[in-house]
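Letters are used for the chains, namely A, B and C, taken in the order the chains are written, and counting of residues starts over at 1 for each.
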């Protein structure tokens, strides 16, 4: 879990994913010699701050977003949300501006307006994120930004043994999206791939429990193609890996942008469920993390 | 109206349009020898569950969505809406899961939450649709899903005499869209078409009446290009076919996705108006159905 | 300011930008011989009512939307908004239908429904705009539709000295968008440009004041890429041109469509701030207009 801990501590709110990109590129560079197959690495001009790893002859692409929720500093101590963070007075926020590192406190007034408390004014436009307090027990991990550093972690672990497939690290998922459209175009035009898996975090709900396996989401706000979901569930059944099915009315993911892209991409959201969503204390059961990785291994091979 | 009745009975909520696709392909295969021109038929890989029929040298594409509104089974008897169905306790819903066919009842509590009443639990993720009770009088047709089986019917009748044009059967229109973007890309890149007609159902309103002709929508939530609408209205005037003009603030269609696609597509929503929108008893005047088909014939020729 | 005055008087609500297109094409044709460089002019089929001017070897594209907010005539004296106009009883509206020119009055009832007061019924689907009452003092300009005729004006002045760059005049920005996707595709595929500037109007707020310089928006509802904004702010700093930084939670622009397009486009919203947004009396400080043009000159050269 050391890799996951490192990932959770990286400053990378939507629109400012550069730190995460650099970390991943560096990690891949250091680790890839130990992997079963060597990927082709795509990044830089034409991909903004995104990264694509291509292994072998790919049929399926797995997507994990690198960005997190957070806050943008406005003026007069005001903050503006990046994505949809849980916001309560007293949460610790960190960042950096022209005057140096910042550790300040979030304040929420009764009209739900957001402010920071800090000894000095912070530069306009500075982005702040939750301070990471990573905790691990025998069964659980608690930290801010498991959504979606766990999805990134999952792909980096998957990379160790992957023979065929594309791994995509995307931006802006928490706030309006906008990298998936050009990523899909790149992937489709290069390799004619039409199968997508969304490596991201789902929710513990009335029907999905921590520790009972990875979640395959049949739908959220968006509805993926039924025949694609059926194939995935069939493969999951055959694999004997513990999984749970989710049906939600709300929530969205990079899958939405795959669906509405000008390319005929199927998608399915598969990830470990978490409690305390979008708070500094997102909590995930380790068993579900293991199941998530196992299911991705099987799906990347058999889908 | 036998074809329309058959279409209304097919189970095809958004995301699960396979049954409708198979019906249409089968129908086209059986009927096409009687048609004035033989179309080229496109479906399968790269088009998901959509179908494209290409006649002659096309200048204009007409779009009808195959999917309907409905409900997804969650857990604990809960249902989640597919699209925006009218929901009242007592409506009959049908579907099928691993244990066999289902006919159950919709229940809506005072918080507008949706449930099913059935003798057993239904598999998570099963989709249910209104039970079809098709009725026909001398002047009117009443059924669930005239929106948009009537739009599909209109294109299949249009096919009988069509010489030049593209007919498109799309998915997901009722719930988030997502097939139009790749359909437009396909059509534009293959034939450089930029003219679209949306064969779909409009509403009876303060200014649009049943039996007074097909509706040409000047705008809904979206605003099509004025100069394109003007040309259509001019052709309608010259044709003497009874029509009505609609101006709406809300409502949307596949036209929206044509407008925001990366291809310079014009679009206009033209269809018969209905009462009891998105209920099990959608009602349309037969005269308006006739006018709809006539206007499409003229427009596919003259636009 | 005579050019700006002319631009403010042109009837061009979203979806009906033809008048503005003709004016700009005519203006360019008349003026271009005086310009430092001769642009290549793109318009007509495949670009709907949009215009693209290409100068030299472009690295950056600047976008100004030609459309304005307004009202569509429904039936029974009802009006439907185009975009989000400020609506108060007594505002004067102008337009034209089959019976001739119209100057009528807006009426807003207590339920915020919109009506027109006029001696006769107006043709269904007619679009109306605010009557232009352009006023100029030594320091300020007041008129309807400074948003975004000022953005258009800025590009037409920029054209006088531009050596390398693309100027884009877009449609529908105020109401749902839909021209940027095909414009981006055109620009990217022709010249591989990935840098965008949004020449549009920002707001006077708690942190942005009239007369204190052009506004560089760090974010609005959408969040552009941080590293791109940083480069722009650095160039602005070096230039010594007075500017202000804005951070907003709401508001959007053509930038949003650049971000979510299938092309890897960066964007930044840069424009003069105004008071009385979307009313008949939008007000902008002349100093900010001057700063806006100066900053665009520097950015088109150095970005």
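Note that in this section contacts are C-beta pairs under 8 Å (C-beta built on N, C-alpha and C of every residue); 3 or more make two chains touch, one makes a residue touch a chain.
Only a predicted model underlies this, so the values are computations on that prediction, with no experimental measurement involved.
Asker: In graph terms, with chains as vertices and touches as edges, which category applies: line, ring, star, complete, or other?
Answerer: complete
Asker: What's the call on subunit A versus subunit C, same or different interface residues, using the half cut on shared numbers?
Answerer: Different residues, largely: of all residue numbers at this interface, under half are found in both copies.
Asker: As a quick test, compute the distance in whole Å between the mean CA positions of subunit A and subunit C.
Answerer: 36
Asker: Would you please write down the residue numbers of subunit C that are in contact with two or more other chains?
Answerer: 261-262
Asker: Could you pull out which subunit B residues touch subunit A in their complex?
Answerer: 14-16, 18, 45-49, 72-76, 80-82, 124-125, 127, 171-172, 175-178, 181-182, 184-185, 257, 261-262
Asker: Would you mind writing out the residues of subunit B in touch with subunit C in their complex?
Answerer: The touching residues are 194, 206-207, 218-219, 221-227, 229, 245, 247-249, 256, 259-264, 266.
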